[in-house]
Each structure stands twice: as C-alpha cells, then as structure tokens.
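In what follows, structures are represented as structure tokens.
The same subunit A turns up in both complexes below, where it pairs with subunit B and then with subunit C.
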Partner chain A sequence: MPNGGSNSAVAVWSVLRKECRTEWRTRYGLNAALLFAVASLTAVSFAAGRLGNRTDIMAALFWIVLLFATLASMSHAFVREVEARTMLLLRLVATPTEIAVGKLLFNLLFLLVIEAVTVPLFMVLMGAPPVRWGQFLAVLGLGTVSLAASSTLVGAVIAQTRGRGALFAGVSLPLLLPVLAAAVGGTREMWAANSVAPSLKLLGAYAVALLAASLLLYDHLWED
Partner chain B sequence: MLWRILIFVWLSVWMVVALLFAPQVPVLHETTRVLYFHIPAAWIAVLALGWGMLHSVLYLVKRDLNHDDQAAAAAELGVLFTVVATVSGSLWAKRMWGSYWNWDPRETSIFFVLILYIAYLALRGSIEGDEKRARLSAIYSAIAFVAVPFLMFVVPRMYEGLHPDPIINNRGKVDMDPLIRICFFMMLIGFTALYFWLQTLRVRVTRLERRRELARGI
Partner chain C sequence: MSASSLRIAGVEIAHRFGPRVAVRPVSFDVSAPGVAAVTGENGSGKSTLLRILCGLLRPSRGQCVFEVDGRAVEPRRRRLFTGLATPELSFYEEFSAAENLAFAAETRGLPNPTSAVRLALERVGLTPRADDRVSAFSSGMKQRLRLAFAILHEPPVIMLDEPGSHLDDAGRAVVEHIVQTYGPKSLVLIATNEPREMALAERRIELSGRGLERTA
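Let's look at the complex of A and B:
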C-alpha cells in the first residue's frame, strides 16, 4: 500500500469535515454543551461566590466545570450517527480507525470551542488572579487531549449500548479521574507560582498512553 | 468437591489460629486481627482486576467467549472482595483513626477500583448480544487498564497517607512477628484459592446459562 498513509489522512479529513458541517448545520450539540458549561459555571460561582485568593479551590472548580461539560456533551459525536442511522453508511466509506480519529479531532475542536467560552468567563466571574498563560495553556491543552481521547473511545462504545447517552458519564469517570487530579494539581501550582512540570509530565504521559491504547482499540469497535 | 472441603478446612484452621493464638501488635491491640481478613480481600480485589483485564485483552486477540466469561466473573467477584476489603478497612479506620472514611491514598485507590468495577458491570448490563457485549466491554476494560497505573501514581501525591505498611515497611523487609506472618500468608493463600474456586464456579454457571439460552433458541 504505497498510498495507504495519505488515503487514510484524506479519509480522516473528510470525516472531520463532515462532522464539522453537520454540527454547524444545527449547532445543536454545541449550543447544548455551551449552555451546560455556562450553567454549571453559573451554579459554581453562585454557590462559591468570589474566592479571591483561594486559588486551590478555584483550580478544582475550574476543572469540575470542564469535566461536567465534557461528560454532558461529548458522547454525541457517535450517538448522533446511531440515532440518525448513518453509522453503517459511514463505515462503508472509511475504516473504523479513520472514523474514530476523525471524530477524535472533531471532539478536540469541540472542546476547544467550549473552553474558548468557558475559560474567560470563569476567570472573570470567579475573580481569578492573573494567570501565567504559558503554563496554564500547557496544562489545559494536555488535559483537553486526554478528555477528548477518552470521550471518543467511550462515546463509540456507549453509542452501541441500550441506554446510549445515559451511561456515558458514569463509564467515563474512572478514565477521567487521573486527568482531573493531574490537571487540578497543575492549575493549582500555576497559581501558587510553583513548578507545573510534574503535573505536565503526568498529563502528557496519560494523554500519550490513552491515544496509543485508543489507536490499538479503534479497530475492534465495530464488527459484522 | 475436594477443593471446596480443602479450602473450607484451610481457612477455618488459620482463622482460628489467627483470632485466638496470634499475638497483638502494640498500638493496634485487638484490631491487629483485621489484617488476616482485610489485606487478603484487598489483594483479591486487585488480583481480580488484573485477571479480568488480562482476559479482556485475550478476548480481543482471540475472540473466544471463554475469555469474556472469565472477565465478567472476575468483575463480579472483584466487587464482592472490594466491598469486603473496604468495609473491614473502614471499620478498622473508625477504631484507629476516628472516622470511617479519610480519603487516605489506599482508601482512594480501592474506591477507584470499586467504581471501575461498577462502571464495567453497568456497561455490560446495557449491551445486547454475547459477542457485542464481550467486545465492547473488553475495549473498556483495556482502556481502563491504562488508567490504573496512573491513578496509583497520582493518588499518593494528592492525599496524605495514614495507612500502615505492615507487610513491607520503609526498610523494605518483612517486619512482623513470626506467627502473625505465618497466619497472614496462610490466609493470603487461602483467599487466593477461594477466589479461583469461586471464579471457576461463576464461569461454569455462565456457560450453563448460555447453553440453556441456546437450547431455548432452537
């Protein structure tokens, strides 16, 4: 297969483009996710008030908001295909791995959009102290990759179950706990002006491990 | 049949020796004796997790439903032993530390193991069709296998430890009264045998259930 690599890349790219286009047509998933992120953010800021210098609590609340937004919305990339009965068609034109990688990239993009809204809003509403952006974005980026990788695999599994969306949060949580712990740790250290390197290493290693395992497992997702 | 009797006698004998004759550790007093029950149960909780994950990966490679039966049985028994370890540890913690739950690193880890088992079984319960259930739950088990070592690494950094290290201490050697040590290892062997016996029972029941369903289908 001399052209195998580039063919796969084309397939992944088409899946990603198709995802973005269907999402953009209705913006249903995105609206729901944004609304949920803003709602949980509002709930958190109403419940906690202005935390001022308690950056440790702020770091925890920040990642809980992101985690909830992920758990609430990230299963829809695959669930949507099953509900619209388009999964079979999609599988005719691309291999399982190509589909899953395309969806993974879409999920990554989706999370970035949610974060682009949630992060500034959180900082303003919670009265967060100045952020060291380089370190913060590194923690956020690696955390996002892990969230997207886990959600893509679990989302694909959950779409084939009886309850579909209902189980997604519960089944995802064990996989996301290491991300939550390391990302909260990194964010806290960033605000405390300590080194974020240990948390970054952990987040990076976990993201790589999840991605590698996902790539091995995508092949087994569907079967006839 | 022979196994069943052997395990019963073995566990009974060592339980009596452990509860009546083994000495107490100074600070722990009578609560020393939770050791013979709690640690073997926790060991089985982790062993069953590893056993289930191993068979999940084997299923993905070989596509033999026997491996899925093994994984499912391991998860069910894992819940049982995890609950036993958690409850016995929690009761001990109330006596020694003053509260049932402290989010000590080991409490956190065992809690994680428990929700992993529950999530796995919930997932299994929601999938129709043997092959599909086996495949999808094996995928989940395999990806969870990636999460476990990270959690074991993350958790001790987050919480301060209170949990004693009675088996292997900081100096890295076994530091126990000889009789305590013997009782402990004998209970460990007994629990392990008990687990594998229950495991084979559960797998046999699953096979019988499948045969019955096949017979009904025809």
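Let's look at the complex of A and C:
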C-alpha cells in the first residue's frame, strides 16, 4: 500500500543525501569548481600582486571567482538528471518542489564548501585588509542564498529544453546581475568601513523574492 | 486503503506531440483487482497512455479518471498509488541496485525501506547482484531492476510497459510471477504486443493509432 501522506521533509532530505553521495562518488562539480577558484586566484596574484589598497577591484574579483567557480557545476544539477535519463525516476518518487528544494539545499552546501576554500585563499593571495566579520558574513550568506536560488531555478526551468548550455547563460544573466551588483557593493563598502545595510536589504529582498517565486513555480515544472 | 476500491477510466483520451498523433481517442474502464493488457501497433501510444494514466502527462483531449475509494486522485498524487516499469526508466549508474531502490524507498517515505528493498530485489532475482553498481548491469538486469522499482512500495496499481523486453526465460517467468502475485489484489496494466504477456490479462485496452500518423 502506498504511503499516501508522503512526508515532504523526508523526500527533500533524501534528494539532498542522494546529491551529496553522487557528488562524492563522481566529484563532477567539486574538482572543477576548486580548480577554477585556485587557478584564477593564483593567476591574478602572479599578474597583479597583492591588491591590498584596491578594495573595489578585490570586491569584484572575489564575487567573480565565486560566481564562475560555482555556476558551471550548479547548472548541471538538473541537466545531469535529464542527460542520464534519471528524471523520470525522480518524478515518480518525489514532487517537483521536493526535488528542487533538495537540489537547492545541495547547491547551498556546495557553495559553502567552495567558499570555505576560496575565502581564506583569497585573503592570503590578494592581501585583503581585515574584514568586519559580521558584515562580511551577512553579505556572503545572503549572496550565497541568492546565487544558489537563481541557479537552481534557471537549471530547473531549462533542464528539458534544447540548447540548454546557451540558454543557461542567457537566462541567468538578468537574474544574477542584481545579486552581483549588491554583493560586490556590500563587500566594497564593508572594506571601506561604510554601512552595508542598503546592500544587505537588497540582497535579502532579492533572496526572499527568488525563493518565493521558485516555490510557486516548481510544482508546475515539467508538466507536459 | 483497499485495492478493490480503485478504478481507472479513460473517456475519449487522446494525445498529440506537436503535429504527431500519439494516442487516438480511446475509452475504457478498469478496476482492481485484475490484469488488463494495453495493446496496439508500434507507435500507437501504449507508453504514452501509461504516462497519462500515472499523471506524468496531461492528455491533449479527453478525461482520465483515477479513483481511490470513490475519490478522484489528482494527477500529481497518482505516483503515490502507482508503480511504473518502463524502458524509459533509468537508474543512477554510480549507485548499486540496492542503493537506487533505497533512494526511491526513502524518498517515497516508506516506513521500512531496508526490508522493502530486500523483498523487491528478492522477487526479481537480483539479490546476488544487489550491491553491484548499475553501470555494470546488463540490459536484462536493468529490466529486472525496473520491475523491482515498480513493486517496491506495494502499489495498488502496477503499470508494466513492455515488461519482457531484454529478459531471458527466467526473467519472463519473473514477470509472470509478479502479474500472478499482484493481479488478484491490485490492478496490473501491461503494455505489450507479446502473446505470452497478453495471455496474462483478462481484459484488453486496444489502441488503434499508427505511429507514423502526422495529422489528426
């Protein structure tokens, strides 16, 4: 007999565990993301040296490294399921919202791992001035949620379309620009010892709007 | 919930993919317990009809009735009551057979996933290869895994799309055993053109379409 009252939290947790196990076994995205982060930071460090007095450039560079290190792999969260033809299995065992929320949580976790490596490396190689940790972590946290939410949403929407690769870039750009602008602005103001409140408000509102739109949309995904 | 209170009916169900007619209008009414065969030429829409019935696809025309205890089940909840084995179903190649089924059992929220997985693998004869990765499986073993996936949660509706494909005689006997086990208590739908599989059914849903048809 079926478990008619299928528990969504259990399903989300199960999808998250499956994603972690898949990533652990294949290292599909993690190695590529870490390679990009380390290689790009090392290259900039060799070319320009330490940028301690150019906090504006550092703020932009920091978010560019994070963005590119993560987007290439996060866009594959759904595409991999389609290409491996496992999407049908997923759809038979969970609702679209459960699948998408599980993948969103995985993307958040993935970003945190990348950041755990990238942030200290960035501080050392770029000679970044001391950070105000409360403000820095707030900008980083909200920026991370927004990045993960937007890339998960776009990945889910384009997963079953043709020309997914090109579409991902095109559809992501307008969603990511506000995140990048606010995150770079907040990081720059943090280093300049100015208030980061406006950037935090924008990032927070954007993250909430993205998550709300995602939850509304996910259940209508993949309806043929 | 009793499986005997389950009913699936189609009222002039039809479907098209763009200009191509996938399913010509068909009407039927089947209920549990029992075994029904969905038959028709290649491309007549047998697989498409199963996808419509289990809520994965919305028909272009007509109405699909899926009732449990006299109450209509909306398409997105039909997967809870349905076990589907179809050639389109693939598994995670980096996981073992047991891990794939355990993922399905846990995500479905089964109360005892471990014993459900063990029992399903036993029934399809995959216990000796339970811990092998799916990437090392033959086509026949993958087909057995699809059958295990379909019966994993003991659903009141089991839909088997070309269940004997890639199977040897022992595998076909597994299909027959599943149909004989679940037929008396559930509704089993078999999409097939194999006489041996059609003989397992007491009712038939005949599809009339031709696969290469492009206009209505």
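Note that in this section the second predicted complex is superposed on the first by the 208 of 224 C-alpha atoms of A that agree within 3 Å, B and C clash if a C-alpha of one lies under 4 Å from a C-alpha of the other, contacts with A are read in each partner's own complex, and residues count from 1 in each chain.
Definition applied: contacts are C-beta pairs under 8 Å (C-beta built on N, C-alpha and C of every residue); 3 or more make two chains touch, one makes a residue touch a chain.
The structure displayed is predicted, hence computed values, not measured ones.
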Quick one: classify A:Arg21 as touching subunit B (first), subunit C (second), both or neither. second
So, A:Leu175: does it touch subunit B (first), subunit C (second), both, or neither? first
A:Ser195 in the overlay: touching subunit B, subunit C, both, or neither? Say first, second, both or neither. neither
Taking the superposition on A as described, I'd like to know which of subunit B and subunit C A:Asn7 touches: first, second, both or neither. second
Please work out whether A:Asn31 is in contact with subunit B alone, subunit C alone, both, or neither, and reply first, second, both or neither. neither
Which partner does A:Ala94 contact after superposing on A: first (subunit B), second (subunit C), both, neither? second
Output check: A:Thr86 vs subunit B and subunit C. Expected answer is one of first, second, both, neither. What do you get? second
Contacts on subunit A seen with subunit B and repeated with subunit C across the two complexes: 223
Taking the touch rule as given, give the residues of subunit B at its contact with subunit A in the complex, in rising order. 60, 112, 115-116, 118-119, 122-123, 126-128, 131-132, 135-136, 138-140, 142-147, 150-151, 153-155, 157-158
Quick check: in the complex, which residue numbers of subunit A touch subunit B? 150, 153-154, 157-158, 160-163, 167, 170-171, 173-175, 177-178, 181-182, 185, 198, 202, 205-206, 209-210, 213-214, 216-217, 220-221, 223
Can you list the subunit C residues touching subunit A in their complex? 1, 3, 51, 54, 56-58, 76-77, 79-82, 84, 86, 88-95, 99-100, 103-104, 106-111, 149, 153-156
Okay, in this complex, where on subunit A does subunit C touch? 1-7, 10-11, 14-15, 17-18, 21-22, 25-26, 84-86, 88-89, 91-95, 98, 219, 223-224
